[in-house]
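A quick write-up on the structure given underneath.
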Amino acid sequence: MLLGLLPAQIVTALDTVVRQLGLQGLPTATAPWWLLLPLPDRQASYAPLVFLVTVAAVVVLTVLAVRAVWHRRVRRSAAWDCGFVRLDARMQDTAEGFGQPIRHIFQPFFAMQRELPTPFDRAPHYSVRIADRLWLGLYQPLGGLVRALADRIAWLQQGRISAYLLYGFVTLLVLLALML
Amino acid sequence: MPLRRWSAAAAPLAGSPGTKQIVVARENWRARAQEIAAAGGRLMALWASGPAATGRPAPRTLYAAFVLPPGLLVLTMPDDLAHDEYPGIEEVFPHASRMQRALFDVSGWRSSDPDVRPWLRHAAWPADFHPLIHETAPTAAEEPRPDDYAFVRVEGEGVHEIAVGPVHAGIIEPGHFRFSVVGEKVLKLEERLGYAHKGVERRFTELPILEGHRLAARLCGDSTVTYAWAYCQALEGLAGTPIPARAAWLRALALELERAANHLGDLGALGNDAGFAFGLSQFSLLKEQLLRATHAAFGQRYLLDFVVPGGTRADLAPEGARALSDCAGHLAQQTRVLRGIYDEHAGLRDRFAGAGMVTPALAARLGLTGLVGRASGQAHDLRSDAPWAPYDELAPGKAGATEGDVAARVAVRFDELFESCRLIGRIVRDLPGGTHLAAGLPTPPEGALGIGLIEGWRGPVMIALEAGASGSIRRCHPHDPSWQNWPVLEHAIIGNIVPDFPLINKSFNLAYSGHDL
Amino acid sequence: MWKTLRQIARTGIVTQPPPTGDGSLRLREALQADIREILGRALCIRVVDSGSCNGCELEIQALNNPVYNLEGLGIRFVASPRHADLLLVTGPVARNMDVALRRTWDAMPDPKLVLATGDCAATGGIFGETYATRGRLASVIPVDIVVPGCPPAPERILAGILAAIRASHAHPRSR
Amino acid sequence: MNAVTALEWFTQVLEVITALAAAPLLFGWVNQCRAWLQNRSAPSLLQPYRSIRKLFHKDAVLATNASPLFRIAPYVIFGTMAAAAAVIPSVGTHLPFTPVADGIALVGLLATARVFQALAAMDVGTAFGTLGARREMMIGFLAEPALLMVIFVASLLSASTALPAIAEQLASQAVGIYPSLAFTAVAFTMVLLAENARIPVDNPATHLELTMIHEAMLLEYSARHLALLEWAATLKLFNYTCIGFALFAPWGTAHSETPQALLAALPIFGLKLLVAGGGIALVETLSAKLRVFRAPEFLATAFLFAVLGLLVRLLLGA
């Protein structure tokens, strides 16, 4: 939050650290303190604090202006339901539904198993199982390989002190043989 | 073939050429339906009739009309009074389910099929009131109560529902759609209709039989000529009076004008629903020009009450004839240009192709009919399959496609529009002389059943008319092709995403009012 | 692309001048003239079909075509009742639509107007008042303007809309 | 930084007022062009103003479960759009306020508005609100990288990410056309259409709730809140158009703060707006709306165009 609103100060503070480390610092800050980057404002500029204040001010100004011209009443009524009264929680969009378009766009990346109802079903049912193709094709084999290796290596870990002592002894012997 | 064996006993229905009727016992009801299905027959309509009385027991009769290659076959089943339910035929004809549910709502006769949720009845009147068998209507509840309908739930993680309607954002009729979705993906669509239920079947019984065409004309505003003609056809069959040739030709003219106007409207709306406003402005302009030509010819933009028992209300004057044939030529020429633009527009093509697919196999299984059916390989059009006068002379071409997507439905509309323009020109040119209205229709005999069957722009419309005592109506059952096609829309949306639904729905363009009765 | 542009150029501007508002369609004088004037400059319409046969809808849709061109008058149809100033209702108020119609009316912010379109909304029409319908719209929600007709021509609907928002010298129809 | 003169502040204030006043006009102009291209007579140029005025004369209706966020969001969105207008050069480039935020910060500012819009849409919990919010976020997360890439290319050419500096630098070039800029201009136009709910990504004229993106998020709003949101939408289009001018058509902008220069710049600016508005209407007339899942492809194409521009600049130095 602070970084977002006062970036210039923090960047400048960091800059001194950078200079102390003997590296080349940022170009000398010439811009006013409230700008994002200590860069000339012809290249890029962003003043988050002013920005936020301005947007807020414009919004408040709008509210005041509308208050000045609008003198009518507010009435509460049921949400517009196309004249059909019985709306229930089933008509709320679901997370699954909200994400569906994006999933649709990235369909090639997913391996989907869908169970779709047909209009002939008396008790229709829907289910979907989604898996990541990258996961299936890349990470899962890689993970399998690592696990198989680990399984092999785990054989070494017999869990007895005598075995570990033996490992140490063998290692010493090998080192000795190499030295000679 | 078993069908042939028993159906040979069917008796021709007086006044309705090509239509036969046969009485079937209760235990044979489902078997007969199966045999008809096996022979390629399609369920047209299902209704019950019985004198309005205070509840059961009353001598009621169940009717089912099937379209078979030679013509219409009406199966009749008298109530044996020993059973509360009649055998349901949902398994044979999936679209029978809603007809059976509606039949219970109005006639109080339940089928044995599992889905017994109300269809036309919401919460506005009590469950034990059935408008066709109870004399006294219940007093209206002070506070209207919202409907509590058991929608099918899709279980599973992350599934949520989108409820749309009955009040839609556009200028369209009321209906409720319940989507079960995950994000944009549609898992299930369930329709809830009946919002436009106006109690027309009961209203018919309060009208004199010679006045009923006025109500028929107002069952479905976009198909007013179709319905009025179907009603008058049934009535004229009952009365046994053929109409003058000129009247038949004028009715056909009105029917083709209706078809052309609706196709123009749809083609524009389809473009607009795909975000191509140019299409809407161009086609709606053409439609306006057509309506004005109609006004110049008959003094009306939409031909409500144009078809009357015995003929037509107005005749065609030479100036009107010229206005119509000029307009038809102009329409055909402009539509050719616009079709080129639609076909070459990559964006539109991308929206239309592959959207809302109904394969011919699925269409056949679900009984898809009419214009939408013809786009899915169901090449049925009464105008050429079982032509009535004057279509036997006009010999209209049959449009068709097999892709079953929005693009195919657009293509069929274009083809039929061109054909309608041609027919309008032909009718205006070769209109036979004579009178356009037969004088004095006799009162039909009590208890007789007449069937009217007309291929409207949406598909085949049927009206079953049962005469009552001294010129009254005992029972009138109108049937819209939307009964067959609404359930198919629930299938067409599968595999598509939520924002494509309006376009698919528009490409079907089914009736609400005509369906809700 | 060129074909499209050529077709646009060939067609040209086809909008015809709007009719004048018909004050005789007015049932009551609900809003003050200055408010009406402000609404009228940017009127937003919400359509509810309360069980009509779809005939009126076809003529309302025609208002959007380039000939009548409602949009050119600063009037448009909107998707949400929250955005609407005028409720345009067709049909004999099917009881199944009763709740939905009231809710739509309730969802609209004041000041608002109601226009009954077609014989059904005006009187109940051929459907009347039955177990399934409530008959005329005025028995369900307060109505300002009535445009009869079966279906009323687009010019008539437009005249009704304009009567709702433009000051006119005709007195409200006595009931 | 130089001492800020009164005239510079005057330019700054003029800039914001121009934006607030001209944004609805630009919107009205686009609508007029669209109407003409649909063979109809057009509504008044002042129609957006009339709409805003009307909304200020309406009672507000709030959903019973609407939270304070729902009520605050329109002010925040309007405020951010107005603040954005302050850092985008339109008439003049000598703006004392621009050092506060450069092009990159501007993208962040626009994203803030988007987040508030989406949160407010989801606040009431109706299906359409979340539907719109979901699609808006999908469009947003694809459009932002493309927009950033566009700004990077322009800043490579002018060695600055501050929009006025870019505009000044590009306007002072002898040769006006860079191939890299041509690529990025295409990319930017695509982003502009997507971000402002125009065809082919969204349809501003649709009545179909299920297909909406931007409109779906406004369905619950009424009266003053709706007025602010509609005004903010016009401001957004105006801002994007001005970003486009700064990057691709900086000619005619006042580079000094003298009143004469500003007066000379105003008509040129108006002319540019006319052309841009007509261009948007023409694109909208000739194209159909994409399927929702084609929109990502559309924006990915925009991103690729921008990257192409970047590569052309880096590799060919053009």
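Chains: A, B, C and D, in written order; residue numbering restarts at 1 for each.
Rule of thumb we're sticking to: a contact is a pair of C-beta atoms (placed from the backbone, for glycine too) under 8 Å apart; a residue touches a chain by one contact, two chains touch by 3 or more.
Remember, predicted model here, so these are calculated numbers, not experimental data.
Across B-D and A-C, the chain pair carrying more C-beta contacts is B-D.
If you average the Cα atoms of chain B and of chain D, the two centres end up 48 Å apart.
Centre-to-centre spacing of chain A and chain C amounts to 52 Å, using the average Cα coordinate of each chain.
Each chain gets a centre from the mean of its Cα atoms; for chain A and chain D, those two points are 28 Å apart. Those residues of chain B in touch with two or more other chains are numbered 146-147, 160-164, 166-171, 174, 183-184, 278, 280-282, 285, 345. Looking at chain A, residues 73, 75, 77-78, 80-85, 87, 91-93, 97-98, 100-101, 104 sit in touch with two or more other chains. Contacts with at least two other chains are made by residues 37-40, 57-61, 127, 131, 134, 206-209, 219-220, 223, 285-286, 292-293 of chain D. Taken together, the touching pairs cover every possible pairing of the chains. Chain D makes touch with chain C in their complex at residues 35-44, 47, 50-51, 53-54, 57-61, 206-209, 212, 215, 218-223, 226, 285-286. Within the complex formed with chain C, the residues of chain A that make contact are 73, 75, 77-78, 80-85. On the side of chain D, the complex with chain A involves touching residues 1, 56-66, 75-76, 78-80, 82-83, 86, 97-102, 104-105, 109, 112, 122, 124-127, 130-131, 134-135, 137-138, 141-142, 155, 159-162, 165, 209, 219-220, 223-224, 228, 292-293, 296. Listing the residues of chain B that touch chain D in their complex gives 160-164, 168-171, 183-184, 271, 273-278, 280-282, 285, 345, 347-348, 350-351, 497-502.
Residue ranges on chain D touching chain B, taken from their complex, read 34, 37-40, 127-128, 131, 134, 199-200, 203, 205-211, 284-294.
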